[in-house]
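Going in written order, the chains are labelled A, B, C, D, E and F, and every chain counts its residues from 1.
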Amino acid sequence: MNAERKEPNYLFTEKQVADKSEIARRFLDGRTRLNANVDKADNFLVKRFYNIDHNTYLEGALPAKYKELMGLVASACLRCDDCVHYHMIQSYRLGVARSEQEESLNVALVVGGSIVIPHLRRAYELLAELYG
Amino acid sequence: MNAERKEPNYLFTEKQVADKSEIARRFLDGRTRLNANVDKADNFLVKRFYNIDHNTYLEGALPAKYKELMGLVASACLRCDDCVHYHMIQSYRLGVARSEQEESLNVALVVGGSIVIPHLRRAYELLAELYG
Amino acid sequence: MNAERKEPNYLFTEKQVADKSEIARRFLDGRTRLNANVDKADNFLVKRFYNIDHNTYLEGALPAKYKELMGLVASACLRCDDCVHYHMIQSYRLGVARSEQEESLNVALVVGGSIVIPHLRRAYELLAELYG
Amino acid sequence: MNAERKEPNYLFTEKQVADKSEIARRFLDGRTRLNANVDKADNFLVKRFYNIDHNTYLEGALPAKYKELMGLVASACLRCDDCVHYHMIQSYRLGVARSEQEESLNVALVVGGSIVIPHLRRAYELLAELYG
Amino acid sequence: MNAERKEPNYLFTEKQVADKSEIARRFLDGRTRLNANVDKADNFLVKRFYNIDHNTYLEGALPAKYKELMGLVASACLRCDDCVHYHMIQSYRLGVARSEQEESLNVALVVGGSIVIPHLRRAYELLAELYG
Amino acid sequence: MNAERKEPNYLFTEKQVADKSEIARRFLDGRTRLNANVDKADNFLVKRFYNIDHNTYLEGALPAKYKELMGLVASACLRCDDCVHYHMIQSYRLGVARSEQEESLNVALVVGGSIVIPHLRRAYELLAELYG
């Protein structure tokens, strides 16, 4: 079963987020630099995977913003700071409220347990910069 | 930051789900039987944890249905069939469409990788019984 | 830094545990049957690993019973029912009280989160048979 | 950097493996039945993911047999019995020797620790049926 | 089943530990700073979770020191350096001997496998500062 | 079943790798320094574990280079940068081609999902330094 997919409508550019938050800026710069190196390798399967990954978060049966928040929950449960940062930034760009980000992190905390707490602390630091 | 929390409005009872799906019925019966045994132990911390767990999925800043779907994504990424079944049943009871469940499972598949596939297969079996 | 290691003093044999609990009996029988097959393969590294594994839980700087309970916590956090059963049986054989097993499971629940709950339910079923 | 990809040359069909091993037969039958149900859903992203998954294990810069064994190591480390069975069967079909499967499982055991042991026991049961 | 819970008796304050070990000092300072930010958000569920987390490690059926060591084993198995540092510091504050910390790390190493080794190396660095 | 084990034949020393790649140099230096501290502790079980770990990757039924690549796949799936770096360096020292490293990382990416991507990016940075 497949809903039509289309690009979400971002309220903010990555540049605007980077101007607002130093943590976001550092993350986005590092990601851009490292991805350029991955792109240069031109690996067929990596490109296919990046493409499928991009498609997953498009507008569809579920609004893009909820799928970014799902990506956030999964990233926090699996405890990857880079992925947590990425989905928090994407959610912010799609107009997600701070309280919605906090409730998503609550799901991750309860499902994933206290081992998630160090990542929660760093996520709240980014929240403060984005919404402060 | 805290939104008011309240119980969600279920469209179906657990009994109605169990009547519709044999997989759901077996899961719910086993869960009821084993939880009765946990309740008998009356462990303070377990009760507190169950309570916090219940509070996490109430209506709040985010609609309950999206939090159940987040629980589904987390459960599928962390690869726990019981938890996947539980959140799929809860989502169904809250009126989530099949296409919304599938898109949530897509997030879990892409974040969690092919190791999620055996759980995806079993999840689709439950989807077929619930929505078929 | 190394304390002297020696075999712990078991209060009960595996046979006595199997006679008391049907869950334990099934686990121990399956484990014996499958290990016999592993032993037949006579794989050098597997034997070395089993040996180091055995050494880990001997009496040492820490009493064996606390190391079995640590094994229980690790197993519950990493969500392996077989390993949970094994360390609960070993702890029982070493005279660990039910309340001590419950507190160990509480550590696992809080560190590991709600994803541990299905394993907790099955662990409490074994507790009921062992201490009931 | 991309080597040419092509289908590997299987020495045995799935049917021949199922005739040799009861464990393999049950796994393959269950997988076929559940995949038919997934296929019916015709989910765009799932199909894309299955396609990329298939491409990963083709002959390329690395012989297919070593990539199946890598899949086995990853599956055992991440502790998924279905995935372990699948890659052991695929490796067998590509002519991998029992000693090569055992050494791959050794890597998984040492990297992943004693939590892998219950899966190792079940893997050795399949080894005995395939190579016995 | 519930034993009475009470606060453990610490032999050292966090300040004394920070004075002894530079690694501990950096960890404790970062944690204090980031927790202040989490506290400011005043999220109901996070507060509840922190509260339950605190309760888990109190004196009870099991001495607090063994529960901190269980927290250490779980943290090392789940591979979280911050959590490993936290529980090592707490254990030290409760008078745990170095040999007891090492044996706990041995359980984590054997259960969790060689993937734990980088965390073990960093844990031994902290051991050297605390007990050196 | 056990093949004869013997030390693999390295094409490059660790020193030569460190001279070629700054990332490798920093990793190897840190590892040497921290391991010296672990060695000083002279813990019986840690030494046994290190020994078994060393034995796992010797030439045997499988060529050492494929076992190092299996270690790489496992490390990337379990998401440990230090372990990823270690096995990439070892593979390079054994003459593994860049395309072989990339295909191994593809297996890890597909099995482990997008949560592996941040580690993949850092792995490609090391690839560029080693093979660039």
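The working rule: a residue touches a chain if its C-beta (ideal position, glycine included) is under 8 Å from a C-beta of that chain, and two chains touch if they have at least 3 such contacts.
Bear in mind the structure is a predicted one, so any value in this text is a computation, not a measurement.
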Going only through chains that touch each other, what is the minimum step count from chain D to chain E? 1
Same or different for chain E and chain F, where same means more than half of the interface numbers show up on both copies? different
With chain centres taken as the means of their Cα atoms, state the distance from chain B to chain F in Å. 39
Quick one: report the Å distance separating chain B from chain D, using the average Cα coordinate of each chain. 30
Counting only residues that touch at least 2 other chains, which ones in chain D make the list? 1-2, 41, 43, 45, 49, 52-53, 56, 74-75, 77-78, 83, 102, 106, 109-112, 114-115
Using the contact definition from the top, classify how the chains connect: line, ring, star, complete or other. complete
Residue ranges of chain F in contact with chain A within the complex: 79, 102, 106, 109-110, 114-115, 117-118, 120-122, 124-125, 127-128
Given the complex with chain B, which residues does chain F contribute to the contact? 77, 109-116
Chain F residues within the chain D interface of the complex: 1-3, 52-53, 56-57, 60-62, 66-67, 69-71, 73-75, 77-78, 83, 97-100, 102-104, 106-108, 110-112
What residues on chain B touch chain E, complex-wise? 1-2, 5, 41-45, 48-49, 52, 55-56
Considering the complex alone, what residue numbers of chain E touch chain A? 31, 34-35, 37-38, 40-41, 43, 45-46, 49, 53, 74-75, 78, 80, 82-83
